[in-house]
Amino acid sequence: MSATIRPLRRADRDAWARLWTGYLDFYETSLPQDVYEATFSRLIDPDMADMHGLIAEQAGRPTGLVHYLYHRHCWRVEDVCYLQDLFVDPEVRGSGLGRALIEAVYKAADDHGTPSVYWMTQEFNYRGRILYDQVATRTPFIKYQR
Amino acid sequence: MSATIRPLRRADRDAWARLWTGYLDFYETSLPQDVYEATFSRLIDPDMADMHGLIAEQAGRPTGLVHYLYHRHCWRVEDVCYLQDLFVDPEVRGSGLGRALIEAVYKAADDHGTPSVYWMTQEFNYRGRILYDQVATRTPFIKYQR
Amino acid sequence: MSATIRPLRRADRDAWARLWTGYLDFYETSLPQDVYEATFSRLIDPDMADMHGLIAEQAGRPTGLVHYLYHRHCWRVEDVCYLQDLFVDPEVRGSGLGRALIEAVYKAADDHGTPSVYWMTQEFNYRGRILYDQVATRTPFIKYQR
Amino acid sequence: MSATIRPLRRADRDAWARLWTGYLDFYETSLPQDVYEATFSRLIDPDMADMHGLIAEQAGRPTGLVHYLYHRHCWRVEDVCYLQDLFVDPEVRGSGLGRALIEAVYKAADDHGTPSVYWMTQEFNYRGRILYDQVATRTPFIKYQR
């Protein structure tokens, strides 16, 4: 089923919240309402250059989302693109939507002049990694956190 | 030997370049001159809120550096702090300077109201990880890159 | 579809070779004929206490195999059981046969008085690990080889 | 300081127990007396073909040990050699003794006609892995255990 992938807009608020909650559930996380408010406002703010969201629709139904942001990098003059959140409605898994969302971020990053795109995933996110191995390179970098 | 850790300033240019080159050598990387220029300018620019550098001196000699930057995070209202580059002159390894540099970033992040600090390291950076395991938590996150 | 899991016997030679070749293909490996001969002889030899094979049949068709062996362990008086090779015909994947084969080895090891069963798998064997996480514990041990 | 590495013998019983306890302490493990008895008897038994131990002496003092065993392998006609336990007295670390013990096992395995030697180590055994990366290859295999 073909998907339309486009930037988030204000009218997506409820669909976006539903999809993002699905994503956060995967990480066994819940976030307070003020984070939903701040993040959604930033994602749709045309004046906010560094944080963006795309939503996918299939047959008029919202079925996936991706959030990405730009930040500086000491090793480069231009910014890098951090693909932070990626979610596909379980009902449409296997349709290629995850790959399409990643590729939409690749295109946005190219258009922005910052083609270096990265993300992080849990080592045991097997289903995700089956896809990621096809569209990206696994690095030997692991994350430490205070 | 006690160390003074302070923000980078213009007069540190040569010492900074020497230390950073030592760091990049560790990653078997070399960077063009324009990256050195852009990064140093940003690190010392008081108007640039999102990118910072600290340098350590022991007995008047520059012996270590750390670069960190702030960026947005979809899961938080406030930014997070990404500790990107950390280097200690091999001659003073084992003196606790690496830990002191990380703790200086922790303090800066606290003062900035963004206490979430993270970094990435190669899985086989054994000497680094001996330290990191003492001051931070290893997460199960691994990095994928376009 | 219910499966019969039973010890290998001489008449299984051709079916076994076909299944094992499927397994070795997964590891992009091929083995010379003398290894097939030696291994099959050992697997069916009633006098060989330390090496065993089970084959699964579904609707009269061979659809899976598992090889396991016992060896000494310095930390235990009794032997341990090394589950070395596990294969399920791609056409019957998802039917629970992989789990049934592992559980058949667990039972054999219990009956043998050596309940410690282990195996090794490639970190990126995502489909296998989805199952293994359900029936066993991932350890922090990694394998080095001369 | 040069080391003598030789097979364990009955008179080594106390020194061996002390060294092995140091090794087991590293793994935060203690084992009952009957395991010490069974393992030592097997290690020194000339009729036991599959389990062996070497001890190192420096200046007449026992300073290290290694245990290895042979077991069958479905992918090979000949056995493989599993280097199970390796320990160097902390007081002589850095003297090259760990490497010498591994190389002594390599030689024994070669003489035995089973040159494939492997071992397992915890992913976070940084000090060990600094050595292992020099004398062996890290594989992508991880261990699962019932």
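Lettered A, B, C and D in written order, each chain numbered from 1.
Please note the rule applied: contacts are C-beta pairs under 8 Å (C-beta built on N, C-alpha and C of every residue); 3 or more make two chains touch, one makes a residue touch a chain.
As the structure is a computational prediction, the values presented were derived from the model and not from experiment.
When each chain is reduced to the average of its Cα atoms, B sits farthest from chain C. Averaged C-alpha coordinates put the centre of chain A at 48 Å from the centre of chain D.
Chain geometry summary: the mean Cα position of chain A and that of chain C are 40 Å apart.
As a whole-number value, the distance joining the C-alpha centres of chain C and chain D reads 27 Å. In chain A, 123-124, 138 are the positions where the chain touches two or more neighbouring chains simultaneously.
If you check each pair of chains against the touch rule, the ones that pass are A-B, A-C, B-D, C-D.
Against chain A, the residues of chain C that register as touching in their complex are 123-124, 126-127, 129-130, 133. Interface residues of chain B, counted against chain A in their complex, comprise 29, 31, 34-35, 38-39, 42-43, 50-51, 67, 69, 71-77, 82, 84-85, 106, 109, 115-124, 132, 135-146.
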